[in-house]
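My questions all concern the structure below.
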Amino acid sequence: MPLEKLIDADEAIRRVLFDGASVMVGGFGLVGMPLTLVAAIDASPVKDLTILSNNLGEPGRGLGRTLQLGKIRRAIGTYFTTNPDVARAHAEGRIEITLLPQGTFIEAIRAGGAGLGGFYTPTAAGTLLAEGKEVRELGGRMHVFQEAITADVALVRAHRADRLGNLVYRKTARNFNPVMATAARKVVAEVDEIVDVGALDPEQIATPHLYVDHLVLARERP
Amino acid sequence: MPLEKLIDADEAIRRVLFDGASVMVGGFGLVGMPLTLVAAIDASPVKDLTILSNNLGEPGRGLGRTLQLGKIRRAIGTYFTTNPDVARAHAEGRIEITLLPQGTFIEAIRAGGAGLGGFYTPTAAGTLLAEGKEVRELGGRMHVFQEAITADVALVRAHRADRLGNLVYRKTARNFNPVMATAARKVVAEVDEIVDVGALDPEQIATPHLYVDHLVLARERP
Amino acid sequence: MKELIARRAARLLERGWIVNLGVGIPTLVARYIDPDEIFLQTENGLLGVGPRPPPERVDPDLIDASKLPVTQRAGAAFFDSAASFAMIRGGHVDAAVLGALEVDERGRIANWAVPGEPVLGVGGAMDLLSGVRIVIAVMTHTTREGAPKLVPECSLPLTSIRPADWIVTELATFRVHGSGLSLVELAPDVDVETVRRRTAARFRDLEAKGA
Amino acid sequence: MKELIARRAARLLERGWIVNLGVGIPTLVARYIDPDEIFLQTENGLLGVGPRPPPERVDPDLIDASKLPVTQRAGAAFFDSAASFAMIRGGHVDAAVLGALEVDERGRIANWAVPGEPVLGVGGAMDLLSGVRIVIAVMTHTTREGAPKLVPECSLPLTSIRPADWIVTELATFRVHGSGLSLVELAPDVDVETVRRRTAARFRDLEAKGA
């Protein structure tokens, strides 16, 4: 792991992304989404991406723009209803969608980061989203099996980083980010500010530096 | 959930404990162990407890004293070797021991708190500790099934609480505590100090107040 | 009408409870609770949601699950989504107020898949139903076209096999028992016959007390 | 002798690595690394372990996995045990230096169960072996009685089916390949014959370079 992690957003995307890569992108809507890195994806030639993100931004904004550029082949997430472009791309067969309950989605990513194989959750048992999935009774209750999820790359948004790559988040922009930062082979964090080592409170660091490969300064905001 | 959570340690133990109860106790050795609450157990008439804790203190100290008093019928944890009293009690059939790898132990407690049924971990696959357990290949690797663990009571040690019951921890005294606080029907937190609501940094609260039933001020220290 | 539903749902919430409010009518419930006694949790990572801010005080990093700006109360805590759903699924949230498209006569909710459209969104609804202690379903009693939403069997896919505990509409409040629905309260100037006419599901009205 | 082993193990650690040190000889490795370039993780919840403090500066809340006082480096982070083992099991720790009681000729370690005693402790050893990228086993080459600890098959229960990557003793360093052990370095004034005499496991010495 390099000790000097700060690089340019385009350079970061060049280093970690490739055609066909699976990419976790943090954010709940545009809040906590690494928009500078997403813009760098848009400006890059990469294509055929599998995006793991709660939703795909808004029409033309955030991952919504990446979708419009035709770079997303598949999306795994929980709530694509708010961007009508997704419904259109799906209807036209341009994008494959995998839908998971939000709690199952992020728990599967946590399991991937935590080196677990999978888990049983009561969520969705007996519903359409459990069809074709393994079910099992545990403690008198039906559970659905969910395999752990990892990705090639995670792009996350934090508030501040120190130069080692420790991250702290801000308010509800935290959301999926610290979990995704644990579950990908390469992790790039977009931050508002980079501070000296020792300037962050060790009790507040939600992503210790061992999870972070590259740091990028945020230029784009919602 | 009561809004006024601060009570006396003996009163807390009286309210939440009962003969035969399963009790999670935080701490790695004596660090982060709620010693005031453990002393209150010792002073109470409760018996036949199942203790879920990494280890059972030291001879005569912390849970080591509770063991000497004959109140512990069963222990579930990871490392009982450092207290020779445990080996003796075990040899004499006075205590039943269930041993789990430390990562599996705390992950099972997290799963219990998180409403999951269980999970698959690669840890211990193919070893003595996996004997009799369900195994399964996932992603080309053998995994062991571990069911989620919950308890009747969790006794945890934190640094500061606000009057709502939000908790922050201090250094490596955090260890098992925030996880155990999620996985029991009743949770008592022993703290150094209780501060006004709003005095804790919302980004640093490791145990939000919804997990905490009672607060107790620490009188005993390692 | 929505305000009426929200106000009635709010009355079911008890002092000290942790409550999650879904999108739509449920968000209005926040107006009718005492924020010192009821704590709002939002699944995007905040316990201690405060009221919506005036435009000049909007913090772009502070939203609720409806993706609208909120504020934070004193004593609030932020956490990540995995921790948030651990709370929800693990039974640590006392109540959820959720919008519904249909409710069947066993109290089970359909609220995530819209008729005639591909299923592209589920969000946290299934997790809330699987884990929260008390679920209060809120909806208008009938569709815009006047069709009952309380039906013998949902035509839309269920959100969970776990039923709601209460159903609140502008006409009445129902309690869900093991096997069915009981009318427990009527809105002012509404009689049982009106409710019966606009409800396709069977329900018991033995407990109806009027309002 | 233990210091020699620790120093040799330290030389296998690379700049920028995250390293977990087990109980016993492994804790001595901390003395031979550059703390600005190698980051120590301890499973009881700290990344950025610093040296042991003088008695007057001991913080009772700050210990390592050996339950001994440590300090924290600038840039340290504290976390709970579940998060700590997520790091370990999830492959985010680059190396673990672990003590061993026996190592078999496939490089597999036995280090948790002591002969003739009931099995009452395992700690984090199995998790470290299941998840950490590079495992360095350290031990004295023979028991106090002179019996080899590098054996064809362990007599004690294995800690994991996953083998170590390196084995370091006071006599030699071995690399574990897919199928067996290769001697890669000899301690000063030690020859291959001495190592062979004190080793029950088969090993290849093709790569031996002397020291």
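What to note about this one:
Labels for the chains are A, B, C and D, by order of writing; each one numbers its residues from 1.
Going forward, a residue touches a chain if its C-beta (ideal position, glycine included) is under 8 Å from a C-beta of that chain, and two chains touch if they have at least 3 such contacts.
No experiment lies behind these values; they were computed from the predicted model shown.
Path length between subunit A and subunit B in the touching-chain graph (shortest route): 1. Interface comparison, B-C against A-C: more C-beta pairs in contact at A-C. Distance between subunit C and subunit D, defined via averaged C-alpha coordinates, is recorded as 54 Å.
Rounded to a whole number, the gap between the C-alpha centres of subunit A and subunit D is 34 angstrom. Chain centres here are Cα averages; for subunit A and subunit C they lie 29 Å apart. In subunit B, the residues touching two or more other chains are 107, 110, 114-116, 121-122, 169-171, 202-203, 206.
In subunit C, the residues that touch at least two other chains are 72, 78-79, 85-86, 88-89, 130-131. By the definition of touch given earlier, these chain pairs are in contact: A-B, A-C, A-D, B-C, B-D. Contact residues of subunit B toward subunit D in the complex are 28-29, 31-32, 54-55, 78-82, 86-87, 90-91, 97, 99-104, 106-107, 109-110, 121-129, 142, 159, 169-179, 206, 221-222. Within the complex formed with subunit B, the subunit D residues making contact are 42-46, 59-65, 67, 72, 78-82, 85-86, 88-89, 113, 117-127, 130-131, 157-161. Those residues of subunit B lying in contact with subunit C across their complex are 1-3, 110, 112-116, 162, 164, 166, 182-183, 197-198, 200, 202-203, 205, 208-211.
If you check the complex, the residues on subunit D that touch subunit A are 15-18, 37, 39, 41, 47-48, 72, 74-79, 85-94, 130-131. Only residues 107, 111, 114-122, 136, 138-139, 141, 143, 147-148, 168-171, 201-204, 206 of subunit B touch subunit A when the two sit together in their complex.
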